[in-house]
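Right after this note come the structures.
After this come two complexes, each holding chain A, first together with chain B and then together with chain C.
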Partner chain A sequence: MSKIINTEEQNKYVVVKTEGYFNKDLGELVISVVEEKVQENKFHFILDLEQSKIVNSIGASILIEVIEILQDKDGTLSLCHMAPIIEKTFSIMGLTKYCNTFATLDEALAQ
Partner chain B sequence: MSNETKPSVELRIPILKDMELVATNTADVIAKYMQLSEEESGEISMALIEATINAFEHSESQKDIFINFTISDEELTIKVIDQGKGFDSKGIQIPDIDSKLKKQERKRGWGVMLIKELMDSVDYESSNDGTTLTMTKKKKNE
Partner chain C sequence: MVSKIISDYNNKYSDLDISCSFHEQKELLKSIGGSKYLLEDRQIPYYEEALTFLKDKFDTNKSLHIENLYFINEINDTINVPIFCNDEIIGIALGRKSKIKPNIINNVGIQLSRFITKKFFTKKIKSIESRANIKDLEFESIVQLTNMLSFCDNLSNETLEYILIHLVSLYAASKGMFILRDSNTNIFEVRATFEIREEDMPRRMLTDNKGLLAELKNTKKTFLVESDKFNLVKFVEHNSICSPIYFRGNLLGCIILADKESRKGFIHFSDLDANLFDSLTKEISLTINNLKLIDDLQSTNNLIDNIMTSIEAGIIKFTEFGEIEYVNKKAIEIIGIERDLIQNQHYGIIFADNELFLEVISNYELAESDNQAQVVKNVPFKSFNGSIHTLDTTITPVYDKNKDRSGYILSFDDISDMQKVKTTFKKYVSGNIVDEILDDNSKSDLGGTLSDACVLFADIRGFTSFSEKTSASELVSILNKYFTEMIDIVYEYNGTLDKIIGDELMVLFGVPNNTEHDCQNAVDCAITMFKRLDEFNEKLEKSHNHKLKIGIGIHYGEVVAGNIGSDKQMNYTVIGDNVNQAARFCSNASPNEIVISEDVYKNISDQSLFSESILINVKGKDNAIPVRKFTHFSI
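Moving on to the complex of A and B:
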């Protein structure tokens, strides 16, 4: 089952960890968290995909909406722990032009 | 491996949520059998997810879709067959993230582009009775 397994604030970042297939349902869960945190003036997010090894373009498209929301607030979306095929998919789509990508969460937090 | 002896696997998939993962699970087993790399296997799975979702969404039909995997020494050929009303693949616009951002443009529409980028060949045959997508992944010589 696709779900968010943890959302926590570390330094200036909101770290969202997901588990399972990154599909429409999981994308919508993530964007709900982002919308909620933006209301609390949190504009910098790290999406940790360590437990999500597979994605579809519908879930990925929702990340474009996330980027759009954060661009309006001068915020950022960082991605870490991406499986190689997810990184390739996001690269083909051009998503990685608008996100910072990191191998690990520690690296993302230290950016 | 002659044409007569090419092994194949056939799936019949109902249009139900996340059923595209049935196809990727099968593709994983076949990729291991063919000794494809992790990279090749991931690309096949991703293309198959997109092809199956497109068949679900664009066929405008509730009829099951069929997926046929044909194995040869050189390549894996996958056919994704729906029984919908067909579509014109030439009419599909290439998506661009720069256009999708900052505009009220639909964010979706990446499936065909991803399939073409991830597979070695992609061909659509479409009629009023349905669409057959044929895609191949060549085995790299390592």
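Moving on to the complex of A and C:
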């Protein structure tokens, strides 16, 4: 089943690691974590998709909402460990124009 | 932003108490993208009065929400202008009639209308863009799926899972199941699932006699299924879409996608989804069928390959255009290069260095001889690794289902070993006998048959005295050279060397194979022996100061020809009175003389070479026998 397997703060980033199908359920879990952390004035997020190999359009739409929330706060969303099919989906949805993508978490943290 | 516009005016023109209201918060939210500009503070005095006033004003029962309530104290002292969005009045801007000039409240209305309309279109464009992106995504997924299917070369569970995941993602479904029929048992098996719990997996054996699979078998169409209709789809929480995979009317399996997601929750699969899914599963059906056919073809090929490999003959299948389509293991061994370098090449290239072998194929190709197998024996062949072979070839045409010639098959036996055996064998036994035995196994059995044969004996005269004067090794050397010359002549005239008895040769003509010229061949052979002996003697005289002289006797008559001896050792020979008589004639012949019987004489063409008939006495015969003689005059 889809879930968030870890949320932790590293440097200025909140790193959210997901597992499974990135669909509406998982998207909503992510957006609620983001909203919660924004309340705590955390505006820079890294989404680690190593364990999520497939996404649907609803999951991608929710990530667009996440980006909007963070842009209002001058925050950022970075993505790492994207499977090729996810990268292609995000690219088609226009999502990768508004967030940084990295091959690994270390690269994302070092940005 | 709406609040800012209004507060800017209120700050600029103090005490104007400009306010605005909108028909519905939902309307505004939809128009400008989910903002929280509106105030809905029921603690503000005169709130209800204001609402009533505005409702009357717009003659609407829609709920109204008020941005500012400065005017509320004197509710009748208001001036208002409409707020437009995309040519529709969606609200109203209000100001205190006693304080505000009409052009100011007009400007407020215009500015708010422009702002909201701009927001409305921006949001609408964004929404269209988002929908276009989703369609783009769907299109891309279909392209990817189609590409994947076209490169798909097996039906493993991983492959099916990959297809299923793509479909789940494409339709924003939550779960999926891929069921395929086992071709051996005809039972349907769940081959791939997505997000389905173990407890929701089907427990019963799946057949197409009842339930969802039966319905798919009957309808052969994609349809939408509610969760409670079939046991098989009990994992479905809302609704699902099922599509059959079938080939030539037979249900091979199905794909089920369940619980379509939207941003607002689960929604039903649409008819458009069903149509698209139907097309995609047809594509998947085609791929699965192709893969099944490839599997079947592969199995057939393996079977053929196994059969071909077990065959000891080399087999090459050519297309009608002369390209090598198939080559078996034995053929590869003989040709001497790898299969990949042979297959799909034209035979003219591969066999360019083997002229006769090439001729066998090209002659057949050019002759276009339908239905006829063509056999060509003893074809020399040089392999790519340099080894030399002798091949017996058979080439036959191949026809397609329309009975049109689609190529030909060349089979060839490597008889190189047989040739070696023959060559060696012929050193010990006459070539004719070797061929006879090898061509017909029964010829190697003990026993004999009555045949007419011409028997020739050739004996060296004075050999005993010569042997006394010559060393044994020299004697053997001279004899070997003499016999080599004589035996070559025997073969030239199709004679069969029966045996060498000391310095005497016994030669047969007419057995095992008889011809019309057996007597003539025997006589010609004898005369040639004398001529060749003259040449031989020239050398011998130089080396040993000696000349060999021979006498020859020939008789023609009925003999018993066959294998005489035991199972372990036998000789092909002839026996009978006529054989003895030929030997007696030889004994009677002087050096350089041929003695032939009347029976031989009658069967030769150039009789003038022989003397008149004379009578001679021979051992074992009471009566004198008429013979004729030929005398050779040495050079």
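Going forward, the second predicted complex is superposed on the first by the 111 of 111 C-alpha atoms of A that agree within 3 Å, B and C clash if a C-alpha of one lies under 4 Å from a C-alpha of the other, contacts with A are read in each partner's own complex, and residues count from 1 in each chain.
One rule holds for everything that comes next: a contact is a pair of C-beta atoms (placed from the backbone, for glycine too) under 8 Å apart; a residue touches a chain by one contact, two chains touch by 3 or more.
What you see is a predicted model; the values in this text were computed from it and never measured.
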Partners on chain A (chain B, chain C) - clash or fit: clash
Partner chain(s) touched by A:L105 [first = chain B, second = chain C, both, neither]: neither
Chain B versus chain C as contact partner of A:V15, first or second or both or neither: neither
Touching partner for A:V66 - first (chain B), second (chain C), both, neither: neither
Contacts of A:N56 with chain B and chain C, given as first, second, both or neither: both
Chain B versus chain C as contact partner of A:I46, first or second or both or neither: neither
Contacts of A:K97 with chain B and chain C, given as first, second, both or neither: first
Which of chain B and chain C A:K88 touches, first, second, both or neither: both
Stretch of chain C, among 243-251, 405-413 or 513-521, that runs into chain B once the two complexes are superposed: 243-251
Residues of chain A that lie at the interface with chain B and also at the interface with chain C: 21, 23, 54-58, 60-62, 64, 85, 88-89, 92-94
List of chain B residues in touch with chain A within their complex: 18, 20-21, 24, 38-39, 42-43, 45-46, 49-50, 53, 95-98, 100-102, 107-108, 110-111, 113-114, 117-118
Residues on chain A engaged by chain C in the complex (per definition of touch): 1-2, 20-21, 23-25, 53-58, 60-62, 64, 85, 88-89, 92-94
Touch list for chain A against partner chain B, complex: 21, 23, 54-58, 60-62, 64-65, 67-68, 71, 83-85, 88-89, 92-95, 97-98
Footprint of chain A on chain C - complex, ascending: 129-130, 133-134, 136-138, 140, 144, 165, 168-174, 194-195, 261-263, 265
